[in-house]
Amino acid sequence: MIQCIGLPLTLILRVRKKEQNLCLQDPFFILENLKAQRMRSNSRSFWLCTILLILLMSATESDVQRRKKVIFFGDSITQAGVQPGGYITMMQDALRVEKQDVNYELIGAGIGGNKIYDLYLRMDEDVIAKNPDIVIIYVGVNDVWHKQSYGTGTDPDKFEKFYTAVIDKLLKRNIRVVLATPACIGERTDFSNQQDGDLNKYSNIIRGFAEKYNLPLVDLRKAFLDYNLNSNPENKESGILTTDRVHLNAAGNKLVAEKMWESIKPL
Amino acid sequence: MIQCIGLPLTLILRVRKKEQNLCLQDPFFILENLKAQRMRSNSRSFWLCTILLILLMSATESDVQRRKKVIFFGDSITQAGVQPGGYITMMQDALRVEKQDVNYELIGAGIGGNKIYDLYLRMDEDVIAKNPDIVIIYVGVNDVWHKQSYGTGTDPDKFEKFYTAVIDKLLKRNIRVVLATPACIGERTDFSNQQDGDLNKYSNIIRGFAEKYNLPLVDLRKAFLDYNLNSNPENKESGILTTDRVHLNAAGNKLVAEKMWESIKPL
Amino acid sequence: MIQCIGLPLTLILRVRKKEQNLCLQDPFFILENLKAQRMRSNSRSFWLCTILLILLMSATESDVQRRKKVIFFGDSITQAGVQPGGYITMMQDALRVEKQDVNYELIGAGIGGNKIYDLYLRMDEDVIAKNPDIVIIYVGVNDVWHKQSYGTGTDPDKFEKFYTAVIDKLLKRNIRVVLATPACIGERTDFSNQQDGDLNKYSNIIRGFAEKYNLPLVDLRKAFLDYNLNSNPENKESGILTTDRVHLNAAGNKLVAEKMWESIKPL
Amino acid sequence: MIQCIGLPLTLILRVRKKEQNLCLQDPFFILENLKAQRMRSNSRSFWLCTILLILLMSATESDVQRRKKVIFFGDSITQAGVQPGGYITMMQDALRVEKQDVNYELIGAGIGGNKIYDLYLRMDEDVIAKNPDIVIIYVGVNDVWHKQSYGTGTDPDKFEKFYTAVIDKLLKRNIRVVLATPACIGERTDFSNQQDGDLNKYSNIIRGFAEKYNLPLVDLRKAFLDYNLNSNPENKESGILTTDRVHLNAAGNKLVAEKMWESIKPL
């Protein structure tokens, strides 16, 4: 950015780079590191130090700018995700505890009943206008569910087309894209939930996109099934990870938060 | 049927009973057996033989009555089952080859688009009026499929009620009842056929009835999945056992014929 | 009921018959009439009076039996009909005011979500077992609505078959049958409510049955449209006769009560 | 465009304007008109006339360029419209007879099963890339129909959003836009066709757009109903204007061709 007498820029950048990698293990790393380096540059004169402070402040400023903006783009599950106990709130709380909240801004952009083409229709306003660094596309339940409940689900081929359009539009703006499969409509583990076939089909489409575009995948459908195979011996329809077969209870929000973070953290 | 000097009726009847059990292993058993017994009974007098002839005639009569009438009660799959190459035609051909067609009358009572309550509505006329010995209830595909294609599928609890009503009405008339699960709507083996969840659910209901009523079960859903797991490595939607995801091709008709017969034979 | 010296039974019975015809115009008619007749029959002997008393007791008995039992057989609209303010409650209140509640027993047999075949399945228990004089069949909304909301509506031809079965079973037991058309799913008057086409179709089926069987028809669909044409100038979806496009508000319950009574009264 | 000695440009433009209004009554109008005006400019010298001829030729050229490209943008009905006997073919034939085919190029851009968002997804490639002068949007049947047949119809609010997006994109490119309402799914005249309510609803949405954007409207839904009220006394489901309740027979294609042309001609 600018050359800085007494603290070579390369060093700052190196530190910053490390910071990104280490940020979750030790949020205090940068300050300590900077102090150490300041020691080494102890012999320099006072005015250089003053400049350094100014530069550091501007660095801090740019640091604020580089705080990663993460948008969770989805339906009612994500809309509930920003409520107390919601999966986004959980991640935010965890970041605060780990003092990582300075590095991440988590934004919920979920609207109840949304299907893939609803996301497409509102992505300019609700996502792109906010200049996110990372967008998690978490949709699919209503594309399947509304077939039965309203007769207005999404044909698989249209699901692919609009999903592709959403991905393309984000990637063109150099936004990091993370995909998530729809977790479940019913928690039975013997594939006897009414929409299991279709949810598997649409999840396969999303998995295919993750592979084709080489994008991180939060395979919630798999995660939920695995969890239920262990924790739902009575083959219940709901109550393990959901309250009503679809929307997340505390355990569900926790599982989604963990799985989401695993994919967002390395970006 | 055959001339028989000095063969006691009780013996014939006993043979006949054995015949039923052994008929498929060796259709020629009876003739051989009867010949052997004729030798042993050679010394009896003429008048006894005359009485015997009369008895035999009545035995033949009761034999005709005891030719088992088997009705396959179902939908379009069963309607096609009586066509050349259909699963019922296949069983009939096999019986003819094995000279068992004198012992069984196979009747197709399938009507395209039928759901469980269609069977219920027409069972008096199409089944009970024909005095069957055995009825195979083979239904369920349309109860699930019509949810999507016409909006007129069958609620699970109504499926249970009408299915129970059909079983009860048959059992009350001492008709042997065999249950069959709906094979498939789509042959993919990864549970990504749209109706897989619902088909599993309704199959579970039928399996439950088989257990509750202690009735033979032709678990076609399981048989088709097992077959496809071996023979459908490309995870195709159709073409392995069906022509169109639902209706049977030659291999499908053969598999259904075999599985059906396994359950009917011991009755 | 009342002491009656020297009033010939035939006369009482004749009065009673008149009473039925006149009851709504003047509920006090009978008492006055009976008094007048008592005067005229003053000179008869004691022993005749004793016989008469016995006969009267049996008449009273038959009178109790002849209190008309009216069953409203339907869905959630009828289930709500017995609540305070419900259409059945309204009729009962009106009968009480007019002192006609001794002549009628109104029974609600409505269950939420019921379609024609639900009525069929529970008619033995919920209707026939109660020995009603009159049954009003008020069904059809869910047969149409569930096509969209659950995929489990009723095919028109099955609607006809089960409806016929219900009518036949009631008529065979000499129960008077009254038919009602499904009022509405949405109150717009320009036929732009989503299910208007289907509701008209199923209402036409019911109208056809009324004609074919020569049964009284409560054409609620027509009554609701006529009412809305006058009272819904803004073409609202609900709020005129319904709270939610389907279930009755106060005005709706009043309209249904009036129309129902018009058909029940003359029976 | 350029000033032309002997034939004032304003005159040419006036003629051209008349031409647009009169073109269908007399396609030879322009030439005759031009000749007449040329007479009036007889006194001018030969070389001026030569320039004029050149200018006229360029005018003719621009005339060729101004041959109006009309795209019919729709579903299977429009896909069939370019077949022999189809409504677009009929218009083309009529133009040829009237020697107007030099002034219009009619293009069918219909794909079976298309809903409004299918039009949206392919409009760049199939419509805008072809630089049309006029686009007729003729869609809606599948948005309604697929609710029942596949569970993938279009919610009314999404129908509005995508329809608006299609209109906006065309108008921004100065393309003349004509709207058409979906004619029918079933020809019964008593509003008892299953989708009548919804078709009316979606037609109302389209009528609203015609008013809001001040666009020509081909109200086929109204035209078909009016026609059937006269010509379908038996209240048949199909066979009057359609072969199968939806797709056009000869009379249907003729009616659509006429109604379409009434709106396109004045543009």
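Chains here go by letter, A, B, C and D, matching the order in which they are written, and residues are numbered from 1 within each.
The definition used in the following text is that a contact is a pair of C-beta atoms (placed from the backbone, for glycine too) under 8 Å apart; a residue touches a chain by one contact, two chains touch by 3 or more.
Computed from a predicted structure; not experimentally measured.
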{"item": "Steps needed, at minimum, to go from chain B to chain D via contacts", "value": "1"}
{"item": "Counterpart interface for B-C, drawn from B-D, A-D or A-C and sharing over half of its contact pairs", "value": "A-D"}
{"item": "Label of the chain whose CA centroid is most distant from the centroid of chain B", "value": "D"}
{"item": "Winner on C-beta contact pairs when A-C is weighed against A-B", "value": "A-B"}
{"item": "Centre-to-centre distance between chain D and chain A (centres being mean Cα positions), rounded to whole Å", "value": "48"}
{"item": "Geometric centre distance via CA averages, chain C-chain A, whole Å", "value": "60"}
{"item": "Mean-CA-position distance for chain B and chain A (Å)", "value": "56"}
{"item": "Chain C residues counted as touching two or more neighbouring chains", "value": "147-148, 150-151"}
{"item": "Contact footprint of chain B on chain A as seen in their complex", "value": "147-148, 151, 186, 190-198, 200-201, 204"}
{"item": "Partner chain C, residues of chain A touching it in the complex", "value": "148-151"}
{"item": "Chain C residues touching chain B - in the complex, by the definition given at the top", "value": "117-118, 121, 146-148, 150-155, 158, 161-162, 165"}
